[in-house]
Structures are given as structure tokens and as C-alpha cells.
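Pasting the structures in now, so scroll down.
Shared chain: chain A. Partners: chain B in the first complex, chain C in the second.
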Partner chain A sequence: MEKRFKEIIAGYCTLSADEITNDMTFRDDLGLSSFDLMTLLGDLEDEFDVEFDLGADEHKLSGIQTVGDAIDFLEDYVN
Partner chain B sequence: MEKRYPLTAAQNMHYQWIRSYATQQVSGLSVVAAFQADVDVNLMKKSINEEYRRYSCLRLRFTKPDKKGVISQYVSEWKKQDFPEKDLRDMTMDEADDVMQKWAYETFDGDDIPMSEFFIVHLPDNYNGFFVHMDHRLCDSVGIAVMVNDIMGVYAHYKYGTGLPQEHTDYEKVLEQDLKREANPKRLARAKKFWDSQLELYGEPVYSDIQGMRVLEESRRRHKNPDLKAADIEKKDLQVLVKDYALEPENTARVIEFCKEKQVSPTNLLLLVIRTYLSKVCDGQEDITVENFIARRSTQDEIFSGGSRTLCYPCRTVIPADTTFIDAVRKIQDVQNHIYMNGSYDPELVRDEIRKRYGTPEDTSYVSCYLTYQPPLPTRNATSGLPSHIKWFANGAATKKMYLTVSHLPDGALNFSYHYQNAHLTEKDMEILYYYMMRILFRGIEDPQRTVGEIMALV
Partner chain C sequence: MTKTIYSLWKTSEENFKDLAAVRWLAGKEICEYSYQQFGEKVSGVRRGLFAQGFAESKIALLGTSSPEWVCAYMGIITGKNTAVPLDAALPPADLIQLIIRSEAEGVFLDPKFAALAAPVREKCPGVKKIWMLSGDEVEGTETLESLEESGKDTEEAPVPEEEDLSMIVFTSGTTGKSKGVMLTQKNLYTNVEAILYKVDPGIVFLSVLPVHHAFCLVMDWLQGFMMGAVVCINDSLLHMVRNMSVFKPDVMLMVPLMIETIYKRIKAAGADTPPEVIAEKVFGGKLKTVFTGGAHLEEFYIDEFEKYGVQVLEGYGMSECSPVISSNRVHDFKKGSIGKPLPGVEISFDNGEILVKSSSVMRGYYHMEEETAETLKDGWLHTGDKGYMDEDGFLFINGRVKNLIILSNGENISPEEIEGKLALNPIISEIVVTGENNALTARIFPEEALTKDMPAEALKSALQKVLDDYNREQPTYRQLSRLVIRENPFIKNSARKILRTEVLRDEPVG
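The block that comes next holds the complex of A and B.
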């Protein structure tokens, strides 16, 4: 899952999936805007066949800063 | 034969406007990009021809409508073409702009015809470059900026031997991804669930107008329905006028700093400012809808593939007067986040559902104000440091009563460009609107714990 996740993020920035590390932040290191992050969530729903609940998960989502945070969050959903 | 594709939701939005208002003028898009330097005309023409090859959305054509009015799109074969030269040197820049403004009113009428054209322009004070006029279904404003930047990069390659800019992403590749995404039944169901939930929570939306309650009241009288919640829209006189105001760089910096510190987007802040003004002039109405344009250009492929990716969704919020400014922004942010997540949903489906549920009369709307915020644009090639004359021209026909575009100027200022229907609004209305928007904005950011009710009373 982590590999596919990074491939998707790579589409949003100028780095390749291999260059993306778990400690990179979405905003400062990858240059994603809040709009991009929400668009990414929509794409992740399609890719991993999950449905995020922005209301219930507001606290968790607002805490996501790094790629590693997002992978942990996504793994919770997928599992 | 070229492969045929259906229109995307973004293209269909423009197509429906063309059908509804019975003129292609509502879908016109025009820009001049000129630089204060001598230009090698032959090389500029060669560069534009090369752009037609690289940026295949410029070669899009549309088929004749079928019996149901449905059209398809296809990318026509690349062919070398000539571009007329227009000499406007013997006039002032304002006069030259007036001439180009008239070109922007022209329409592309017909099926299976080219939907874009370029002129080489020679402007006063040795500004030289090109004017481009096209149908909005080919490209949106970000796509145009990418294209202008690329043409200059290609020109620099031919003229000065610099490296050829990186190729754009193939338009048809991204188009196929878009159409696949839009047709994904699970995604459609998720988006519909969100939009339906808004209606189940708040019921039918209610119109609000820059000119206060009287507009809705007039429509109620006209329709002999005192409970009508939508107001009539202008269908005959679509003439649009434009008024620009620039917020000084130091004040813009305060706004951007506030956004960074509070982690809110400028779009959401502007939506709050507009809705607060509408609430103020509509007797404190709490249920306000403003339509906001978003462009799905998040991935590198989406940014550099051209095409029209702009969609317009209603941002509806019900915000009581005792809500603090910062909580109100968060409330808007929450709605917008849902919209962004479902950003490939056809907004026409949202309007269809409302019409179906509440029997909204033909040619009425719940919305008077539309917003686009354009963040600083992405570029792949360094733009030249030459003085430039880059100007967007209104197509002259507005489908909206007031459409505000907020963009960043090179000097750090924020430009507020108000496009308003001349049939109903005046420059004075825009002056008042801008004045109050700025007062609301700065009363809010100087103390975000103030309630919106306090701010409305203060301004």
C-alpha cells in the first residue's frame, strides 16, 4: 500500500515515488495546497475503495503533516 | 478519423451556458501577451505553430449537436498555419486595449471548426507579442498562463538557443483519466450523498443579492409567489462591465499572513467576506450561497495538459450572527473541503437535484455572486524579466450578475476584478461592494474572535 500511495503522491509533485520519504511534509516539502490535499483524499478513496468521514475524522486529518502520518491514517482505514 | 470523446463536466458547464444564453460569446476567453522588445515575427509564428503541436487542446473541435443536443470533442490534426499581424502602434495603449477588447467579443460559430485563433500584435511603446482568443472549453486561465509561458520558452529556444521547454502532458491521456474518474459510480454516489445531505440539513436555499432584499421581493411579486426563494436571472442583456481595484502590497501581506497563521485559504476567507456583506445587506439573512470556481489542477499532469478544468459549485453556509469570524471561516472551510474532495462531480447534477426537489422556476437562481481566487501560477520555465503587457479581456457577456476574480499582481498587490452585468449594476455598486468587503476583511482579521454580527454592525 505504501508503494502505491507514494506513486499517487508523486503525481502531485515533482518528485518520483522513490524520492518521497515518510518524514516529508505535504505542505513544505511536497508543496501541496489544502485544495490539493482534499483532491488527494478523493483520489485515495477511489484507489483504496474507502470512504473518509471528514466530520468524524477532523481531528486525525488535521494532524496529518507528513507522508508517514498519512500512511498510518490510510492503513487504519484500509484495515 | 480522430477519436471522439464526450465533454467533461467542466466543458459541459460552458456548453450549457452557451445553449442557455444562445451565444458562444459567454464562453470566450482572450489574452494579450506582449513584451517591450523587438520580436522576430517569423520566429513568433513558428513558436505558436509549435505550441499548436505541443498543446493539443488548442486543436480541439466540437461536433454538431445530436437530437438531444449532445456534442463530442476531438483533437484535430496539426497543420501549419499563418497568423495575421495587427499593427496597433499608432495609438495609445488604452486605445489598443479597446481594439483588442472588440476582438474578444467575436464568437466561434459553427461545428467542427477551429475554436482558437492567434494574432501577432505590435502595440505602442515597442510592446510586441500575441493576442489569443479561444473557446473556454479548450483551456482555463491556468492553462492559458501555462501556454503563454511555454510559447515564450519555445520562442527563446528558437531565438537564443536556450533549451526547449519540457513537453506538456498529452491532453487526451488526461482527458481519458478525467472521464473515467467522473464516471466512477462509487465516486458519484459519495458526491451525491454530500450534496443531498446539505439539502436535507438546510432545505431549499434562499437567494441573496448585492442590492439587498428588494431583488428577491421583486421576483416574488413577478411570480406571484410570496415564498419564492430563487430570483430571476438576466437572459437578454448580458453586457458585462469590469472594474478593478488593487489592495496594496502591505495590506495584501497582512491578509496572506493571517491565512498562514490560521491555516485558512484565501478562497475561504474571501467567501466569508462576500457572504458577510450579502448577509448585511439582506437584513442579517443567515443562509447565504456564493458560487465558487475551482480548477482541478493538482497533479503535474493536470497542471500541464491544458483543457478546461474549472467547475463552479455553490458554497452554501448557514452562519448565525453570534459566530466568531474565525469559526465562520472554519465552517466555510469544512464545506469547501467536501467540495474539493468531490471536485469532479458535475455541478449541473447539484442544480438538477435542487430543481427536482423544490420545483425551482426556469431562469431563476439562488446565487448573485461568483468568486474565483487565482493563486500565484505554476511555471516550468523562467519568464523573462522584460516589461510586459499581459491583459485578460472580458468576453463581454456575463452569465452571472457579479463575478469577482481575485488574483496576485507582480508587485505583491491583490487585484479584485469585478465583472458585473450592466443591466442591473453600476460601477458605484462595485465601489461600495469593494469598500465594504475590505472593511469586513480587516475588521475580521484584526480580531478573529469578533462575531460576524459585531463585524456587520461595525462596518
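The block that comes next holds the complex of A and C.
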């Protein structure tokens, strides 16, 4: 999951999937905007067959800062 | 014909009755209402409100875009009532304040925000009814169906006149309090009429902007209805790109932030992907026109989209002007400009500030006479933007008069509003909020008496906690994502006012 997730993130920044590390922040290190992040979540829904609820999950989603945070969130969701 | 939204809607309902008016997704299924079907729903709300005693009343709408939201909105403004569309992402306490300040007597509530029903009932004594836009009844509320049912035996409700108040839109206030922009029926109608362009009925719009914004309501919905378009609803910002493939729009309204994200999708497809494949996969295959405004867009993106047959047309407006002031047009455009003023819009300049006079300029700010007098002078609206007009009549913007942070999602943030809230915390002596890279930064000089013995890490955590507490209550675009702790107070003028142009000076490195 982590590998595929990083490949998707790579589509939004100038780094390759291999160069993306879990401690990188979406905003400062990868240069993603808030709307990039939203669209990325939409991609994740399609890829991992899950559905996020911006209302119910908002608190958790707004706490996502790093790639590692997002992977943890996604793993919780899928499981 | 009178210039009201009632006459606009009735004309379209008659002319386009069998065409689709609204399309949306229910799960994976595409649903739609024709103009005739949607007209019956709108009429049901209008008559229901009248039957329940709402005439010349303010009615708030709280929710995200849905066929029910738009139906309720049209039901309000095609009658003699006034719609008050609110940003559902605001903290509940702010929403309650706006409902009270607007003197709303009724509230349409999206079931996603059903938890607000109880506090609204308790804290807004002026609210007589709450109608759930869909789903089941919540204690103390009614459903949209029961509202329609109550008006079933009522004759047509009284129709609005041109000078009736159609809508109050709340906008960021530079004095720290948001302002309710009062727009009349004629304000809205003349704006829609002025921005019309020639297309065949049946053209497909995909509406992706927040539905409580004047830009979305006027340019997507009212304009779409006047042209006989089918307006498709984007169910979530997460799904915009997916929904472009689902609904295959011809026209979209976007803020620059969305255009920047789509450009990243194009890049991710790879340089070897043929343009026609990208046009299909990223843009849905039919997209020809994107109208954009609300913030600055780099010309680079206009050139890039052009490669895929998508024309990006920049425009300019503000809620106070219903909202469009100028726009580039399909056959009359200049990149980098915000287009020519719409027909009927007069432009003038005062020390470089753009002034506007037109039949779409607001009546004023609701219950804010002082702010109204500062903005509307001798019939001219002072926009707060600096600009100029070139020899061909195209308008350009080159600065702002007031301290408003414009993010590329089109949201306007009043730094003073946030600073005022955070400055109440005793460990903050001085604070300035700035916007960089589409995010907000809090620059803080701590209160020395309380913090001078604190280790640096403890001070940082204490201040970060203040920001976290604030952020928890705010929609994402209003959150403070960076903290800078100053070692010295900000530079001030002789009146001891912080010089906002100098806030980055004397800042600690790293």
C-alpha cells in the first residue's frame, strides 16, 4: 500500500516515489496545496476502494501533516 | 419584463421545460430534474414558505451543494423572501452569530449539519422553523416535503419586485467582523443578463465552487438557468476530477487553486501522452471553457490549458457587485487582464483604486451604516483593489488598498479578524497574520512578562497550542499552518500601529 500511495503522491510533486519519505510534510516539503490534498484523497478512494466522509473524518484529515500521518490514516481506514 | 429572478426562472421553465436543469449523483447513478420538474419543486418551496407565513423574511441556508439546497434557494428568491446562504464550514458559534445578525426567521439545514438544529433552536429566538433539506426529521425540525405539502392548496405566492432584497451574502470584513452584503432582485438579474454569452440550450455546466458564494450562485446557477444549461452538482471537492469524467461538462467555473491542481494531473499523465487523451482523461472530453476569478492566476496556466482545447477566461468581481464586474470573453480577451467591464458597468479610479457603478452594485451592508458609507460614496463602490485600464479597455489589477489576504482558492481572509481573536490570549503581546504560498502564518511577539523565563521549546509548544485550539474550530482555509516567534516587537508608526509592510523585517532566521 505504501509504495502505491507514494506513486500517487509523486503525481502531484516533482519528486519520484522513491524519493518521498514518511517524514516529509505535504505542504512545506512536497509543495501540495489544500486542493491538491483533497484531490489526492479522491484518488485514494478510487485506488483503495474506500470512501472518506469530509464531515465525519474532518478532524482526522485536518491532522494529517506528513506522508507517514497519511499512511497511518489510510491503513486504519482500509483495515 | 421585470428584472427579477422570478421572471428569469419562469421564462426558462417555459422555454426549456423538457430539457434537464439539474444533474447529480446518487451513489454511482446519475439523476436529473427537467426544468419542468425542478420548477414544480421550486414552486412547492415558494408556496410552502408563503403558506407557513414567511413573507419578506430572511431565510438562512446551511449546507453544501445539493439539488435540495438549490431548490430551497430558488424557492426563497423567486418569492418575496431573502436568502442568506451561509458557509457551513464555519465554527458553529460563528454560524449562530450570522443567523442572529441576519435576523433569519427560518433555516434550511443539510442533514450533514443536523447537530446544529438544537443550538439554533436554543440560541436563535428569531428562528421560527428549521427544515431539513433531506433525510429524516430531527427533533424540532420539519422536512422539505412537509414544507411543500403545506403549500399544496395555496395559490401562487406573491412575486418579488425589482428592488426587493433577494440575498444577503456574508463576506470577510477588514474591521474584524464579517459584513452582510445586501443584493436586490435587480442586482442579481442585471448581473446575470450582462454576463450572458451565446450558447445552445442543453450545454453542460459542472458546479464545483462552494454553493454559498455569490460567484457560484450567479455564474453557475442563475446564468445556467437563464441559458437553458444543465447544471451538474459536484458531490465533494475530493471528486472534482472524477466528476469531470462522469458529467463531461462544456463549461466550468474554477478558482485558480483548482486550475493549478488540474495542471499537476496533466503533468502526471506524462509528456508522451497525446493531448486528445489528456483532454478526455483529465478534462472529461468536452470541456471548452473555464471561467476563473477570485484570485490571481498565472498566465502560464492559460497557455497550458489551451494545448488541450480549453480556454481559460479570467474575470473579476466581488459579492458587493453581484458579483461580476469584468470578464474576458471567448472572442474578446487579453491574457493577464481581468477582461473588459460588463455592459452597463462604469469604472473609475481614485488614487489607483478601482471604483464601480452599475445596477448590480449592492444596496449596502446589512445593519452596518458606517461600513456602507465607507464603501459606497456618491453611488461609486470602492473595491479596495488597485488597478488600471489599458488603451483597449481591458482592466488589470496590481494591488490592494485594504489588508485582505486572497488565497488562490478565492477565499478572502481578513487578517485582523483572526488577529483580534488570538490577541485575547494573554501570552500573545503582538500578532500579525500573513499569507504566503496559499497558507496562513501567525507571526507572534510573546508577552514578555509571562514568557521570559520559559525555555524556547516550552514557549513554542504553548504558542502552538493556541494556534491548534484556534485551528480546531476553523475550516481548513482559515487555519494557521505556520508559526513564527519574534524576538522583538513589530515595527510601528508614530501612532503605534504595526506597519504591515514591514512585518518580515527583523525576523529570527530559521
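For this structure, a couple of remarks:
Convention: the second predicted complex is superposed on the first by the 79 of 79 C-alpha atoms of A that agree within 3 Å, B and C clash if a C-alpha of one lies under 4 Å from a C-alpha of the other, contacts with A are read in each partner's own complex, and residues count from 1 in each chain.
Just so it is clear, a residue touches a chain if its C-beta (ideal position, glycine included) is under 8 Å from a C-beta of that chain, and two chains touch if they have at least 3 such contacts.
These numbers come from a predicted model, not from an experiment.
In the superposition on chain A, A:36 makes contact with both chain B and chain C. Using the contact criterion defined above for the overlaid structures, shared-chain residue A:22 touches neither chain B nor chain C, since it reaches no partner.
After overlaying the two complexes on the shared chain, residue contacts for A:45 are found with chain B and with chain C alike. Shared contact residues of chain A, touching chain B in one structure and chain C in the other: 11-13, 33-36, 38-39, 41-42, 45-46, 52, 54-55.
Contact residues on chain B toward chain A in their complex (touch as defined above): 181, 184, 186-187, 190, 263, 265, 267, 294, 296, 298-301, 333-334, 337-338, 340-344, 375. Chain A contributes residues 10-13, 27, 33-36, 38-39, 41-42, 45-46, 52, 54-55, 59, 62 to its touches with chain C in the complex.
Residue ranges on chain A touching chain B, taken from their complex, read 11-14, 32-36, 38-42, 45-46, 49, 51-52, 54-55, 58. Taken together, the chain C residues at the contact with chain A in this complex read 112-113, 236-242, 257-258, 260-261, 264-265, 267-268, 408-409, 437-439, 471-472, 476-477, 479, 481.
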